[in-house]
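Below: a set of structures, written as structure tokens.
One chain, chain A, links the two complexes that follow: it is found with chain B in the first and with chain C in the second.
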Partner chain A sequence: MYCTNMALSDSADKTTLMSIQPYTEDQSDALQEVVNIAMGQAGDSLARILGNFVALSVPRIRLVTVKDVIKTVTDMVDNNAEISAIRQSFSNSLRGEAIVVFAQAGADDLADLMGYDTDLDQSAKQELLLEVGNLLVGAVINGISETLKTDLSFSAPSLMAERTPLDQVLVPEQLSWSHALLMEVNFTVENRDFKCHLLMFMTEETIDSLRGILDEFMDGI
Partner chain B sequence: MTPESLEKWLFVPCRHNGISIELTQAENGEEALAAYRDGKAEVMFLDLTMPVMDGYQVLEQLQKEQLNTFVVVVSADIQPKAQERVKKLGAIAFIKKPVKTSDIENVLHEYGIV
Partner chain C sequence: MPDANDTTNLLNFIVDRAYVGIFVINQKREILLWNQFMEIHSERKADTVVGQNLFEAFPELPQKWLDRKIENIFILKNFSFTSWEQRPYLFKFAHNRPVTGGVDCMRQDCTLMPIKDDCGEVQYVCFTLFDATDTSIYQSKLEKTTEKLRELSNRDGLTQLFNRRYTEEALEKEFSRARRYNNELSVILTDIDFFKKVNDRHGHLAGDEVLRVISQRLASGLRGTDILGRYGGEEFLVVLPETGSQGAQVLAERLRKVVQANPIKVEGESLTINISLGVTELRSNTAAYAQLIAEADLGLYQSKENGRNCTTLFQPGL
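Then we have the complex of A and B:
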């Protein structure tokens, strides 16, 4: 069961969170399954472009406030070493943003994995991050959209961070929401340094609208 | 995979052939192996991404224990290499999520399970 334990740190948060009811167990299971399917498709796309088998983690789903997002994400990413990251927003029936966090060693390994010269200049390396990030986000958004039969669109990717400690990336000023539903999965390539985390943050109103969408999805199975 | 969804997928083919089934749900690979050792798994529907013990580890362990069950992998990990790996580890079939009832029926028929 997910999303039922919300830590309310002060009364202001309590007021804004009042409207968010936790999902039922069925809705949580369905969401977990939908995310699992979408992330599986993203993993397949990544495996094809990298020409390697990609190990997928079990998707994690949490409700986070902007105040605890750094701690939650640094716990998920294992450490606070340097990372590079790209971001893309998505909209329509569900709104939010997707962030792909590349462990720096993995970002550096990308050119070699994709068969390019390893001495690419900085802008070419950035292009690779944007390309791979866009591929992952596109696959996961399309996967969710197809599975839930709901319309979703997404923006072009932009570079969010390069060789930056994670806790300097996910600062409240950088984020456009006060609390969000966070979905995380990570992709690793065996015997290589490559590892990246795909984080999807869905905004307040989406947490509500997702409930009805999940119910329809379950009726249709 | 919830017991409800599995029951739905299995309902038609099994009722058609007058077979009654008993479902045991496992939260992870270890629980699945425990159910298998208790003789509760003539057919095992196995996910790959699971906490504690994943599907590959379950298949490896089943091979060590002589694999006396039909294992059908049902996974969202649709990489061709994932499919190759589980077949090598003794799974009889790989069904991609989202699951269609006909996928399950076809496998059950192919192996004469129903």
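Then we have the complex of A and C:
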């Protein structure tokens, strides 16, 4: 429906380019473009299902360490603030996990935004979080796989955290990897409390396979 | 390599016989395909449901919710899922554990897959339905065990009252809650009079029995929201949310009387047991929950000084 994408400004592209090291400038450019399109589609899907104007931040693509991840999420919500989160795996030509973190006030507002009775029971509220999380992740995965013409599949979403202080959700000691390619974006609904943060982590071997996929994509243009 | 015809036959066979529910609907919600799993569990043959509207054929489905979910797939072209954890089932099917199950019907995980035409428009939605009954049974066993362990770790083995750690944690929570909402909060600390004599004269087994009986009597004298724990050997702590010192004193006296009301029979002998009590309440200058325990202890000490078998309210400056 109504969706802005502020990602296409020149200055934003330059800063993100600097931070992607594993790729050539052309590959980074192409990847940023693909991710912009995919995240934009996700925002559009969200706008349609909520019937509301959805704004998204500049999608960022970075090679991150575990410590960066905590920081990137805490930039959105206070570290001791409560959040709810869902996770989903994707596999096939690219492998990784997607996490959608909902600021708690927005999660509580979701039923109203979607036009449901606001006195939904616990399970129904969880179902809404899973539904919206899956919608965003699915749209991004579809966007990436369609643009890059590569096959991607994804698992059913599961609840990762509910009304949990953020610092208990992403605990560095429990994450077994050191580096990952992170694609992230914020979605906000204007004039409402709703705010969520989409994080897509790709494994280290995916960083390599993506290089070939991007080259093929650029050859095909 | 089988030829194309063979492959089609193979696929048809697999879709029909795989032990997973598979069915397909079009945009009008008409059923186009219904595999054997669905036939067996719905007790409806494919030829009786194919061509029918899904919601007319199965009016027990949660239509409002599911129809919206299906519509979103046609619009957004996205996969969609349901999980037994939030929604135990879509179709009310019998499960395969009539003997060992313990759940009423089959738990289901469901995937709704968009099937697009060459132009990328969604033409059909394919449902795959997985039997998640086993998983749900294991999970509920695990939850029950965890709950039991948690409960055990909070209890005192001898008296079955809450243990000291749990009671203090509960007091700490009530302390912050009372502070936040400006509620009253009182604490009673009580000790059995001359308990050492019971042990010395009648042995430890008799002492244990006295502790058990008194625990029951104390519990019977309290209200649902009060928290009673064994604080030490023969000491008990009572946390009284939303109760001021006046109410707490009344309750303390009730406990004292209920304990001494009937003699306790141990080894053929009747023992009349008394308790001493100390009471205190939350005041604006109470620094921490531990201060409440310390004050109740001072009140208890005063009761012992005053000849035992009585209640003393802590007064600042006591």
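As a working rule, the second predicted complex is superposed on the first by the 186 of 221 C-alpha atoms of A that agree within 3 Å, B and C clash if a C-alpha of one lies under 4 Å from a C-alpha of the other, contacts with A are read in each partner's own complex, and residues count from 1 in each chain.
One rule holds for everything that comes next: contacts are C-beta pairs under 8 Å (C-beta built on N, C-alpha and C of every residue); 3 or more make two chains touch, one makes a residue touch a chain.
Just so you know, these numbers come straight off a predicted model, no measurement behind them.
Asks: Quick check on the chain A-based superposition: chain B and chain C, clash or fit?
Replies: Chain B and chain C fit side by side in the superposed model.
Asks: Applying the document's definition of touch, where does A:124 land relative to chain B and chain C: first, second, both, or neither?
Replies: The second partner, chain C, only.
Asks: Please indicate which partner A:47 is in contact with in the superposed arrangement: first for chain B, second for chain C, both, or neither.
Replies: A:47 sits against chain B, while chain C stays out of touch.
Asks: Mind working out whether A:152 is in touch with chain B, chain C, both or neither, as first, second, both or neither?
Replies: So A:152 meets neither chain B nor chain C here.
Asks: Once chain A of both complexes is superposed, is A:31 in touch with chain B (first), chain C (second), both, or neither?
Replies: Touch status of A:31: no partner.
Asks: A:169 contacts which: chain B (first), chain C (second), both, neither?
Replies: neither
Asks: Pick one for A:142: touches chain B only (first), chain C only (second), both, or neither.
Replies: second
Asks: If you take every C-alpha pair with one atom in chain B and one in chain C, what is the shortest distance in Å after superposing?
Replies: 12
Asks: Starting from the residues of chain A touching chain B, keep only those that also touch chain C in the other complex, and list them.
Replies: On chain A, the chain B and chain C contacts do not overlap at all.
Asks: Inside the complex, what are the residues of chain B that reach chain A?
Replies: 1-2, 5, 8, 49-51, 75-79, 81-82, 85, 97-98
Asks: Of all residues in chain C, which touch chain A in the complex?
Replies: Residues in contact with chain A: 69, 72, 75-83, 85-87, 109, 111.
Asks: Report the residues of chain A in contact with chain B in the complex, numbered from low to high.
Replies: Going by the criterion above, the answer is residues 26, 29, 33, 36-41, 43-44, 47, 53-54, 56-59, 147, 221.
Asks: With touch defined as at the start, can you tell me which chain A residues reach chain C in the complex?
Replies: 45, 48-49, 123-124, 126-127, 130-131, 134-135, 138-139, 142, 154, 156-159
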